[in-house]
Structures are given as C-alpha cells and as structure tokens.
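Some structures to go through are shown next.
Here come two complexes built around subunit A, the first alongside subunit B, the second alongside subunit C.
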Partner chain A sequence: MKTDLSPRMKIGLYGLMCVLLIPFVFPTWWMVTSSVKPISDIFAFPPDLWPRRFDFTTYQKVFELQPFARQYWNSAYIAALVTIGTMIISSMAGYAFARIKFPFANTIFMIVLLGLLIPSEVTIVPLFQMFLKWGMINTHWPLILVPIFGAPSVFATFVMRQFFIALPGELEEAARVDGLGRFKIFWIIALPLAKPALGAVAIFTFLHSWNLYLEPIVFLSSTNMFTLPQALTQFTDAYGGAMWNIQLAAATMTAIPVLLVFIFAQKQFVEGLAHSGLKG
Partner chain B sequence: MAPVTLKSVKKSYGEVATIHGIDVDIADGEFVVLVGPSGCGKSTLLRMIAGLETVTGGEISIGPRVVNDLEPKDRDIAMVFQNYALYPHMSVAQNMGFSLEHRGASKAEIAERVNWAADILGLKPYLDRFPRQLSGGQRQRVAMGRAIVRNPQVFLFDEPLSNLDAKLRVVMRGEIKSLHQRLGVTTVYVTHDQVEAMTMADKIVVMNAGRVEQIGAPLDLYDRPANQFVAGFIGSPAMNFIAGTITAEGFAAAGATLPLPPGTGNTGAQAVYGIRPEHLALDDSGIAARVSLVEPMGSETQVTMAIGEHTIIGVFRERVQARPGETIHVRPDLAQLHLFDAATGARLN
Partner chain C sequence: MTAAADSPPRKRPFWTIERRDAAAGYVFIAPQLIGIVTFVLIPLGLVFWYSLHEWNVLANTFNFVGSANYQMLLNDKALPQVLLSSAIFSAGLVVLNMSLALLLAVLLDQKLKGIVVFRTLFFSPVVVSLVAWTIVWSFLLQNNGGINGMLQMIGVEGPNWLRHPSTAMLSVVVVQVFKNVGLNMILFLAALQGVPKELYEAARVDGAGRFKQFRRITLPLISPTILLTSIITIVGSLQVFAQIAVLTQGGPGMSTTVLVYYLYQQAFQFHFFGYGSTLSILLFVIVAVLTFAQWQLRKRIVFYEN
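Our next item is the complex of A and B:
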C-alpha cells in the first residue's frame, strides 16, 4: 500500500504503534530479563526493566533440577510426529471432502466439524480409561494419537478442504488426461500446490502440540516422560513455592522454538489462512 | 490420427437429459468445430469424448475402439482447456513433458519431444519459466505444446481462446489452424464464437439444447442453413428475419411487401423471410427503409433501419451518407434469400 503521510504524521503513527506494542512485548521482556535476575529482584516495585545484577546460573539449574534436555526432546519429537501425522491425515481427508464425490460427503464433514465443539476436558476421562486399557498410560502415545485424530486434526482438515475446494478442477482433469490416477493427482498436483495451507497447518499443529498442558498432566507421571509445559510447573522449592527465576529461565528456553516458528513462518501462516478462506 | 464416431450419444444427469442422441462422424485428420450457444451441450459432448464425463447412452469410438468405458489416459487423446490448466508449480518444459514422463518415456525422448514442440510453437526461450511468468498467449501455446508432445490420435480443444483479447484471439486462431495443417491430427474444437467456427473448421456441428441442428462445411451452413436457428447463429451480423405470409404478389409482412423469387411456391404459408445484412443492396428502385442508426466501419457501413414494422440490419460496401430518420431504398439479393417455416423453423426453399 502506498501512502503519502507527512513526516509529522509518520512520527505520530510510529509513536502510537510503539505504545500499542507495549502490552504485547512487555510479558516476553519481563520473562527474559527476570530469568537472569536473583529471585529477590523479580518482585521489586517498580519493576526493573533491565536487571541490576545478572545471574546466569538459573539456566544451569534448570538442567540440574530436572531432566530438562530429555523433556525438551520429548516435546520436540512429539510435536514433530503430531505435525507430520496431522499434515498427512488432514491433507488426505481435506482432499477427499473437497474433491471426491461420495454419498453424504457434506453431512459427514459437518459431523466431523461438530467434534470441534466438544471441549477436550469433556473427553479426557474416557480417553484416560481407553489408554489405560491399552496400557499406554505414562507413554507418549496419547499425546501423539489424540491430536492427530482429534480436534486439531479436524481444524486442519477444514483448512485443507477449503484450500482444495478452491483448486481449479481443470488441473485435475488435465492430470487425468495426462495419465494420472486419483492418488497421483493428489500427490503430484494437488499437494504441492497446497504448500501455503500445509504450512499453516504445520505451524498451528506444532504450536498446539508444543503448548499442550492438560493431556500431559493426565497421561504422564514420571519426570523423564514429561513435556515442557508440564515440566515448567515442577521448578518449586521444598515448600511448593515457585522458583521464579529458574522457572522463567526454563520458560524462556521453552518459548524459543515458538518464537522461531513465528519469525520464520509468519508469512506462510498468513498466506495459508488467506488461501483457506479463513482470512478476509 | 484416427477417426472419431459418435453414435446416438446421450447424457443425462439423473432425470435431466442434456444430450439427446447425437450422431457425428469425424474423419481421420478432420478439424471439426462444435458450436452453439451457452448451455447447448457442446462442452459436455467434448468432455464425453475425452472421458471426463460418463456416457449415458450410445457409443463413442476413436479409431476402431469403442472408448465409452476407457479412462481418459487410455483414449490416446490430448486436451487443451479453456483456462489452459497448466500446472502452476512446474516449468514450461515440465508441463510439456509431464504426460510423457508418466507414460514411461525416457528422459532423452522427453527432451527431444519437448524441444520439437517448443520449436514449432516458438516456446524455446520460455522453457524454464513458470506459467505465472507467461502472458496469456504464451500460456495458450504451452497448453498446445503439452497436447502435441505426445502425438495423440485426437486433439480436443475446449474454448481455448475465450480468455484472450480480440487481437490475440485472431493470432492464436491462425496458429491453431496452421498447427493442424502441419500435424494433420484429428481435432475436435468447441467454441461459442461462430467466427472461430467459420474460419477454422473443415466441418461445423451446430448444436442447440443438446441436439445437432446441422452438420456441414462452413460455407454450406452459411449458404444453405437447414433451419432458422442455424441461419441466425452462423454469420455476423446475424441474418435478418421477417415474419409474414407467402403470397402470389410477394412476401406480405407487417407494413411492407417484400419480393420473392419466381416459382417460390407455398403460397399462403406462414413463413419467415431470411436475408443476410450483406445480401441487401442500395437501390433507388428498392424497398423504402427508414434509417435509425448508421455505423461506418471504414471498409463497410452497417445501417440499422426499419422496413414496415420490422427492424433489420444492412451491411454495405458503399459509404452511406444517410442520417437517422431519413429514408433509403434497399433491394434483397433474391438468389441469397432464405425462407423458413414459421412454426417449425425448417427451411422451405
């Protein structure tokens, strides 16, 4: 967009933007700076925007108090598997709902969408009993299987379906004339064109899995198996009080992949949602 | 190359019949144009030949094989779509070689065929580009290139020029025609533009409401349309129609009597008098016509005028100086006169 603002207007506009930015930036700033403050400085009032004393041992203690590297790996590989699994399931399901004519396709899709209306808290007890029967409690399987076949995948299927609906039918017909069958049309023509939507699905699925809290505290019980959101709550002293600086050091490290994903993939995310008709 | 035969081909969507039994014989190497107004079923028929639509009844043969139940890939056809249908994520060369690649051709063979097609269509400088980097005309050429690399038995074109501007359309029209002359592959071409049909076809199939109205060479359809629909569809500006009665004195229309050739017959019949705009001549001893619009084109002048209560159009090589409201006199060329039955639209003369 081309604008012809005067320098004074520009300064005013940027000033206003800086003020509006404060509520968004301050919590992250506070988390990062507090992670290197001694615990007594964290609650100083007014708060210090810049630490008076730096204490980097908090980061070392994160790894001493818990198997944090192991927990980091748990979160990373679970999020990766969930992301890949959801991309596969949602792209195939989305394509089927969008492009393959079968009886009651729209009705089935509506029923699938209704799954989004059920809060995860409602299904957590039956799921616990199911996984208990299957001997999967205190394993990572529930954290992998529930998102892939649950609400996050339904939303991802919706995004993929919206994208595939907009794909010109002539492309598929040309591929049929060129000698491709249904699966190859999906794999060679439709899927590569769905990169923006797949990118968006990958980002929000990864973030959802990375931030998952309720399911880990229900399904996991040993610290070695914990994921990061669950591990963050475990940095407490003998009386159960939070060790804030250590907890915030762990939180800072936990937030790094999320920040990286947003920094490097925000364009893809917006494009994907735009293609999916979710953005005006 | 192969002939294509349609025998009583029908198409229905549930209870709704859209194609009502069509018979067409397309000879080996012939360029046949399916033409008709929107919704007449021409694209559906083409898609049935391609295998993209199922056949409800009848038989479609390509060469000696009945192809009703064959997949598009097994019919040995190539199709050019209205919106080109180029794969956006593949380069021009990849688009053109795609079908060969999936039919197991070697890399050397693909490269050779793609280069051959690119050479014919002037696409060599663009082989590494993506469709989004090409103009409309270039995309159209790539779509044709994709069709010709495989050397299919039949080319199918579905309104391939409708997305181009008028000037480029004329250029591409010539290119498609010369490509056909060079390769000699049987071609079925769908358009709603009767100028495209007239200029490109060896044979035109005029369709209306899922039925064939007439099949013939372009000039046969122009000179002797089988019915009023074909007469009105072929030719631009369209033929003038005046409803009236055939009498011994001439053709009695509302507010005017028009001349008929000797021995017309059918005296007393309710009929439609058809005369093309270019078959009217300025003649002081002709029928009086009140001018309502004069459109000079340079090479000719198009005049809209009223004869009795009927508005007609005349196209004259002369530069007509008349102004709206003035009267001119015109004479129909009786050798080019068409008479149609008022009730059925069938040709009478």
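Our next item is the complex of A and C:
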C-alpha cells in the first residue's frame, strides 16, 4: 500500500493517528502525574492534566505500607529465572523438533503442543494440590517451575521450532562433515543464528512472568513473598478503599522501568516480534 | 568408538551417527517433555479425576460422586450468565482487537516521517505491567474519575462505568483491547510488509482503487496471519482474570464474571475443589473446540499458504 501521499492526505493521517494515540498514551501520563498529587486533589474537577500541588511522599509511603523493595525483587528475579530457563528449554526442544530425526518426533511434538490447548488456568486446582504436597505453597517455586517447564513454554518452543525449520541447513551439514556433534552444532552454529527468535521468546516470556496474577494469588499468602501485580492491589485503607495516589506511585514504579527499556530498545523489540516466525 | 576399531570390520559400531543423533534429540527434548507430562498432562488427568468427586477443603471431605458435579454444572443457575459473559467478552475483544490492529497496521504501513514514533507509542501499553495498566484505567473509570471529569467539561454526564451492568463489560473489553492490540498490530504490520509490491502495481495498472486493492490483494495475502492472531487472541481472551479481579470483581451482579473468574471463586474462595475442577474441564473443552474449529476454518478461508 506504500504510495506517495498528497500533503493533505498526510495531514489527515497524522491527525487520525494523534487522536487514536490518546487511549494508548494518556493512561500512562495520568498514572505518573496522579501519583504525585495529594489525595485531596486526586478527584479534582476539572481534572488536572498537570498537578496543581505536588506530594512526593506517596513514593515514600509505598515502601512504608508494603515491603515493596522485597516484592520488586521477587518479581524481578522470578521473571529473570523464568526468561533464562525458558530460552534454554525451548531453544533446545525447538531445535530438536526442527532439525534432528528421531523416532516418534512428530508424536512427541503433538503431545507437547497439547500445552497450547491446556492453559495453566485449566490445571490450577491440581497444580495447587501438587505444590501443596511438595511443601511449595507460599514459595516462588510454582511461579518458576510451571512457566519454564509447563504450558507457557510450549509457545516459546513452537516459535523456536518455526525459526529453526526456516534456517538453511548448509552450515550445519558442513559442520557435521567436520565431525562436530549435535551439541556443538546447536551451541556454536544454530543458536547464534537464532538471536531474533530468542529475543522474541525472551520478551514474551518476561512479560508473561511479570504480569502473572492468578498464580501468585493462588500460591502465595504472605506479603513478603508477593510479586508486584499482587502487591499493587494491596494499597487499601482500613475500609478497603483504594489509596489512589499511593497505589499509582507503586504502579508507576512497576511500569516505568520496563517502559524505558522498551523505548530504548524498541527497534529490536518490535522487529524481534515481527520476524519471530509468527507471521503464520 | 575405540571399541569398534577392535571388533571385526563387518560389524558396524552401535553408536552410528543416526543413533547418536536420535539420542541427542531425546536429550534435547527431555526437559520440555518431562515438564509437559508433570505440569500439564498429569494435572489434566487429575483435574478430571477431581471433577468426579465432592471435595470441600474446609470440611475435609473427598467423596467419589461420579457425574454429580456435571449434573450440578447443567443445573447451575449462574452458569448461563457466566458463559454469556465469557462469550460477550471474547467476541467483543476479538472483533475490536483485530479490527483496530488491522487499522493501525495499515496506518503504520504508510510512507510518513516519524512513523516509528507512532509505532512505539501504539505498542507501549503491551510492555506496561498488566495490573498497573488496569489500576490506572480503574482510576480513570471511577464515577468521579478522569474520564467522567473530562466528559463533564463538555457537558456530558458520564455513567458510573464499572458499576453499571451495561457499561462494565464494555469497560473491561476496552481496557484489554488498548493493552494488547499492539501485539497483533505488529504481526499484521509484518504481514503487510511481506505483500509483494508488484501486485499493487499490477492492480493499479488495471485500475483498481485503494479499497479494492486492500480487499482483493492485501486481505487474502495476510489471511494466514489473521487466522493465527485470531486463535491466539481468542484463547488469550478465555484466560482473562487480572483485569476482571481489579476492575469489577465480576460485578455488578455477575455481569463480568467470566469462566476463569467463576472457577477461581468456586475453587479458591468457596473451596469447592471438585466443582472447580468440573469448571476447569468445561474451560478445557471450550478452548479445545474453538482451536479445532479455527484450525478447520484454515482449510476453507485462508487463501494463501506459504
């Protein structure tokens, strides 16, 4: 559809896109600005697009009301472990399914793909029972083990397999003639070529772990163990009313770092996703 | 291998390249396969087994009751409403998400300066923490919140979005659409950019207008992407939980209680693990049927396969 557009058409398109941007950008703006408003101004009319008074103590209160630094660490280290673990497991499995001939490969691949049909929500009750039996309730193990080995990693394996299937085989054949084993071929030749797909898997996996909500509230019970999504909903007063400005300060601290990383690396981000073999 | 050198020459070594390769294949897939068996297949078997039991954790009862939970499912007065809410949510989400994603992808595919800035901004909610995003929208949608405040400035009395049955579901859908439409947008954009330019040239020579080009060339060529994203979006929509929990807690009434939320309530709030498991089986069947149906559609509708 790329044709040269008339100037009038261009202005029209810019205008349309600016209007469409409002619901994508405004909430983040509103979150940041409202997080530094005193509670008395939080529902002011007319709404203040820029705070008329500033109250930065909200950020301090986040840490007083919740062990927020600890919860931040919980979310960060769980997401990091899950991302690295999934990249290892899914790139190995994806490579084998795409490249190595072994008996029952297709049958096993079909079994693994069942994971796509059985989201963790379906199995949350037995998973709870299993982890209860293993003494892992109110630990982070369920949030680490299930995403790396269970249903969420199947999607990653599928992406990796699609990528390796499309990869030309000559390099590997040459390496095999030179007597390299499978592990070395995978590690030295195939994996470095798979960086775009690995990048996409890393992004998906990190965001999935970072956003996990049902699993933490099922598996975790003490505030010290909470992850960020769970912690964010805990900023309520004695009557259960939301302490909006403090809650929004916590939300800002949760959202902004990832957003900044994305803005600086958006090219790799977006192109990684676009070229991940998900095109269908 | 050294052993092979000592043995008579006509005997081939046991570890041929093929066998070593096959062994490596099993080693490579072992962690994933063991994980799927442990965390997906065995739990799926268990959830079916549980669904045949009356199991109350608080009362510490676990009795085999056969199909009683499934009869309860059929007689559950709340269930039609729950399924209706799920269907409205999924249908609304898929239709709005796919059409907005396609519109944005077409806009971003134009030759305009600074288009990357727009692409980045449209995509940005995808990387914002889901619960943080939902909390801000919850704040905006309060009766005296930002959206109604702005409506009031232009003289419009806004509804109490999250507390009114007719707007609560709409609000949940819209919040989720803006959160994740960027993903489908990027996949569509990649597909649009993969359409050979010569086809448009040829169509223009034949006198086809922009709209006709879009319908006759673009849509058929990107139909595999449309199918794949629609499967991902529908299956994803059935898993919605955090948004409901934060925005409406399933209310007002049961108007936004979707299946996963209902399942969570039954199993983990009311401690009916047996009936919760039955609802899990129902969720599994729905996901499986929808995925299968879409996969079948692929043969009929998808025009172009590479």
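Quick note on the criterion: the second predicted complex is superposed on the first by the 252 of 280 C-alpha atoms of A that agree within 3 Å, B and C clash if a C-alpha of one lies under 4 Å from a C-alpha of the other, contacts with A are read in each partner's own complex, and residues count from 1 in each chain.
Definition applied: contacts are C-beta pairs under 8 Å (C-beta built on N, C-alpha and C of every residue); 3 or more make two chains touch, one makes a residue touch a chain.
Remember, predicted model here, so these are calculated numbers, not experimental data.
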TODO: Assess the superposed three-chain arrangement around subunit A: do subunit B and subunit C clash, or do they fit?
DONE: fit
- [ ] Tell me which partner A:24 touches in the superposition: subunit B (first), subunit C (second), both or neither.
- [x] second
Open item on the list: For A:200 in the superposed arrangement: first (subunit B), second (subunit C), both or neither?
Closed with: neither
Open item on the list: A:101 in the overlay: touching subunit B, subunit C, both, or neither? Say first, second, both or neither.
Closed with: second
Open item on the list: In this superposition, which partner touches a larger number of subunit A residues, subunit B or subunit C?
Closed with: C
- [ ] With the two complexes superposed on chain A, say which partner A:168 touches: subunit B (first), subunit C (second), both, or neither.
- [x] first
- [ ] Considering only the touch criterion stated at the top, classify A:177 as touching first (subunit B), second (subunit C), both, or neither.
- [x] first
- [ ] With the two complexes superposed on chain A, say which partner A:192 touches: subunit B (first), subunit C (second), both, or neither.
- [x] first
Task: Distance in angstrom between the closest Cα atoms of subunit C and subunit B, superposition on A - done: 6
TODO: List the residues of subunit A that touch subunit B in one complex and subunit C in the other.
DONE: 176
Task: subunit A residues within the subunit B interface of the complex - done: 168, 170-171, 173-180, 184, 189, 192-193
TODO: Using the touch definition up top, name the residues of subunit B that touch subunit A in the complex.
DONE: 50-52, 71-73, 77-79, 81-83, 85-89, 98-99, 102-103, 146
- [ ] Spell out the residues on subunit C that touch subunit A in their complex, using ranges where they run on.
- [x] 17-18, 20-26, 28-29, 31-36, 38-44, 46-47, 50, 104, 106-107, 109-112, 116, 118-133, 135-140, 142, 144-146, 149-150, 152-153, 174, 178, 182-183, 186-187, 189-192, 194, 197, 200, 210, 213-214, 218, 224-225, 227-229, 235, 238-239, 241-242, 245-246, 260, 263-264, 267-268, 273, 276-277, 280-281, 283-284, 287-288, 291
- [ ] Going by the contact rule at the top, pick out the subunit A residues touching subunit C in the complex.
- [x] 1-5, 10, 13-14, 16-17, 20-21, 23-25, 27-28, 30-31, 34, 43, 45-47, 89-90, 92-93, 95-97, 100-103, 105, 108, 111-112, 114-119, 121-130, 145-146, 148-151, 153-154, 157, 176, 181-183, 186, 207, 210-211, 213-214, 217-218, 228-230, 232-233, 242, 244, 247-248, 251-252, 254-255, 258-259, 261-263, 266-267, 269-270, 273-275, 278-280
